[in-house]
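Consider the two complexes below, in which chain A is the common component and chain B and chain C are the respective partners.
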Partner chain A sequence: MRIVVFCCENSAYQAARQGQLPAEVDLIRLPCGGRVEVLHMLRAFERGADGVLVLTCQEDNCQSLHGSARARHRVEYAKEILQEIGIDPERLQWHPVTSNMGPRFRKIVADMIEGLKLASA
Partner chain B sequence: MIVAERKPLKEITGMLQGKQRVLVVGCNTCVTICMAGGRKEVAILASALRLAGIEHVGEETVERQCDLEFLGPLTKLGEYDCLLSTACGIGVQLLSDLFPNLPVYPALNTKFLGVNEDLGRWSERCQSCGDCILDRTGGICPIARCSKSLLNGPCGGSQNGKCEVNGDVDCAWQLIYDRLAARGELDRLETIFLPKDWSHSRDGGPRRIRREDVAL
Partner chain C sequence: MARWGAFICDGAGVDAASLAGEEVVVTTTLPSQPGDLACKLVGIGTRYNLDGGILIGVVPELVEDLLKDSLRQAGLDPFRLVLVDLRGRDAEGKDREIKAAFARARHLEPAAWAKSEVEQRALIIGGGAAGLQTALSLRQLGLPVLIVEGEQNLGGRLGRLDGLFPYDEDPKGWIQSALEALQDDPEVEILTASNPLALEGQVGDFTLTVQTPGGPVTRRGGAVVLALGSEVRWPAESGLEPGPRVVGLSRLDELTRFRLHHKKVAFLLDLDELGSRVGTLSALRGALRIKDNWGSEVHILCRHLKVDGKPLESMYRKARDMGVVFFKYEEFPKVTETGEKVFLQFQDPDLEYVVVDEAYDLLVVEEEILPAGEVLTEAWGISQPANVRLYPVETNRKGIYMVGCCRDEMDFPGAIQDGTVAAGEIYELLGQGALVYEEDMVKVQTEKCVFCLTCVRICPHGAAEIDLVQEAAFINPAACQACGMCAADCPAQAIVYKAYDNTGIMAQLELGGR
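Presenting the complex of A and B:
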């Protein structure tokens, strides 16, 4: 199982470094959540990802002002595409994760792994 | 610009049923600006189609799909079962003319001639009626922006500056009145518009322009 996690380097990437990453995770560091595009998420699925997470700053605490909101909107759009082509949109999720939220980061990843295992059981 | 939006993917995959080699052809002009069919949208659509199970999906975006001059590179492409155009209806038709033996499917619905009002918001401004009257209406088109295309408005459905058809729609004739009032040109409204000669529009059949100074 592969999970691609797009992380804003100002928040979720810092949280990711606070502990051991599960073997299933491919971490992608972004300069801002606003850098992630719909195509990046779809490409991750095309290349075999079972799940994709986009983890950015809280929306009111983005250094680029609107980066996290852009990421969330793009995730919502990409989820619609997945739904339309028959892929469970829950395989793609956006969550805000601040830099000091190591445990939350690991819980979000663990929950996705668990959800994917249940879906494939 | 011409404003369009992508058809639902279910409709697109329905058109492509049984096709395993699809070339998605985008356009770098209007549909790029309205974020419906440019290079980026071609990549997203192609990716979605591959995820939906189509074996081979190619991607190509030309400068202007409504101009034969820019379609040359497409003739050198490999074997495809069909083309999927993310241009407006004009591009789809020109591709069909260029490849008469190949099905060309539209990925977009061409919506209107309009402006980009704000991020992610477009609205209609022109119906290409062929006989512009914007000089008399303060630069606001009652043909495109009045729901009834009234030439001597407003009608009784104008309430608080909004149209009875939809409360989100501004009454074009209220806008015209306000614009002319601000310019001190309200006297323009004393001239009654005569019935419009629609032969310059669709009533005259498909329209053509020929410029002898340009033609060879």
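Presenting the complex of A and C:
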């Protein structure tokens, strides 16, 4: 199984380093949530990801002010595309994670793995 | 072909032999302490004439800046240092992280630092407490300043106050001493009765056009400080009308200068549900003044008394000791006025809601205090949302700061603190006389740009500009904060972000599933 996690380096990327990560996870570090493109998310699926997470700052403390909101909007759009091409949109999720939220980061990842296992069972 | 080195920190649990097959010219083990690490990186990088390095270790992202800085000082390209942090990864995870890093590294283009001279002067708009303090602190740090003030005199709202109880400071004295320090200083220019017309440029080189009594003038500076103060607004929604017996809190000092005497005075606070700390502070100060000057009977009506913080608490105690009576209300009091008296009828929850009915000679009403200058900040694309990354005085735009009451409701010490903080930040920015930034880190490929201006509209930092000659967008490298939002949204894929380019991101995805 492969989970690709696009992380803002100011928040989620730091949270990711605060505990043990499941082997399934591939982290992609970004300078800000606002850098992620719909193309990146779709390419991840194309290259074998079972689930894709976009984890960025809380919307009101994004260093680039609306970077996190842009990421959320792009995820919403990419979910529509997934629906259209017959991939469960739940395989793509956006969540805000601050840099000190190690446990939350791991919970989001674990929940996604759990959900994917259930879906394939 | 680029020459890469692989550096494995001790403690990373990675065997150098596992990197065979990757295109590296040197593989070495390094200590994990940031200082030693930086020295060794520089040494090996220079010896092997490397173009880039992959640092495999347990080094947090936080030391990355330190490492990059060391490389830069040694004349090496700091942008081709790829950090692989293996904390929390098992053997398989480590392997994938390392593979992804190599994939990304192969697509990293060389970058460079650029240095440009700056104007060291700070352009301060607003000569109230916060603006003056910014100027004073900047002068202590040796930077020149311009102060633009709309009124004839400096001092702002502070200049209209008689006292700053409980602070021992006397406001007029404070302004006077600030003026003495500034007025004969050749590095200080003060334009009064003048208003800003236009602001152009970016961090390090702004041009401000000011309307002065003698006509428009322009001044250049490396930073801009907005110290626009606040506006007082009568709470018209309350249905109250100002008159001889009903006055705003901001007029109290003026009134209490006279010997006229009101036997019984009420303060009505918290008109807009939440109320404000500064309103409470001014009311307490006013109540004490009235007690001192007139010896009147004083009642204060509020929803919640805000006595957080030392001065408020001690003033509250002092007011009680002097016989000021405090009431609470939930429902807005019924106010009726005759020529001679103002009647207030209300219920206090702490008095079991008995109806209190009192007649006063004077009713002092808390006004709304709103940040001033919103028209200006909007026109110039400057914003200061409640965001910890900008707190307290930074704005969305690099080199532009907001201080004092135009950014948040605050008292005198707050404004002073803002000025000091802003001056410190400006010194850090301009003190060396030059800005150092990543040249072309985010760049528009002019030939691909379709001039849609998406980047200009969405850049949160106002760094994407219009180049009319080239008919293309242009990114100011000093103002750009490298978030990459423009690169993601450009419909023509015309913007390259070297450190996080699409090719590098895609290469990491190419690793495929397991």
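As a convention for this text, the second predicted complex is superposed on the first by the 121 of 121 C-alpha atoms of A that agree within 3 Å, B and C clash if a C-alpha of one lies under 4 Å from a C-alpha of the other, contacts with A are read in each partner's own complex, and residues count from 1 in each chain.
Basically, contacts are C-beta pairs under 8 Å (C-beta built on N, C-alpha and C of every residue); 3 or more make two chains touch, one makes a residue touch a chain.
All figures in this text were calculated on a predicted structure; none of them were measured in a lab.
Colleague: Once both complexes are superposed via chain A, do chain B and chain C end up clashing or fitting?
Modeller: With chain A as the common anchor, chain B and chain C both fit in the superposed model.
Colleague: Tell me the contact category for A:Ile85 with respect to chain B and chain C: first, second, both or neither.
Modeller: The answer is first: A:Ile85 touches chain B but not chain C.
Colleague: Counting only touches as set out at the top, which of chain B and chain C does A:Gly67 meet: first, second, both, neither?
Modeller: second
Colleague: Between the C-alpha centres of chain B and chain C, what angle is found at the C-alpha centre of chain A, to the nearest 10 degrees?
Modeller: Angle at the centre of chain A: 80 degrees.
Colleague: I'd like to know which partner A:Arg43 touches here: chain B for first, chain C for second, both or neither.
Modeller: After superposing on A, A:Arg43 lies in contact with both chain B and chain C.
Colleague: Once the shared chain is lined up, is A:Gln20 touching chain B (first), chain C (second), both, or neither of them?
Modeller: second
Colleague: May I ask you to name which of chain B and chain C touches more residues of chain A?
Modeller: Between chain B and chain C, C touches the greater number of residues in chain A.
Colleague: Determine the nearest approach in Å between the Cα atoms of chain B and those of chain C after overlaying the two structures.
Modeller: 5
Colleague: What residues on chain A does chain C touch that chain B touches too?
Modeller: Touching chain B in the first complex and chain C in the second, residues 37, 39, 43 of chain A appear in both lists.
Colleague: Given the complex with chain A, which residues does chain C contribute to the contact?
Modeller: Listed in rising order, the residues are 60-61, 85, 87-90, 92-93, 96-97, 100, 383, 385-389, 396, 458, 460-461, 481-485, 487-489, 497, 499-500, 502, 505-506, 508-514.
Colleague: Taking the touch rule as given, give the residues of chain A at its contact with chain B in the complex, in rising order.
Modeller: Listed in rising order, the residues of chain A that touch chain B are 37-39, 42-43, 45-46, 81-82, 84-87.
Colleague: If you look only at chain A, which of its residues touch chain C in the complex?
Modeller: 1-2, 4, 9, 13-14, 16-21, 23-28, 30-32, 34-37, 39-40, 43-44, 47-50, 60-67, 70, 74
Colleague: Which residues of chain B touch chain A in the complex?
Modeller: Of all residues in chain B, those touching chain A are 8-10, 13, 40, 43-44, 47-48, 50-52.
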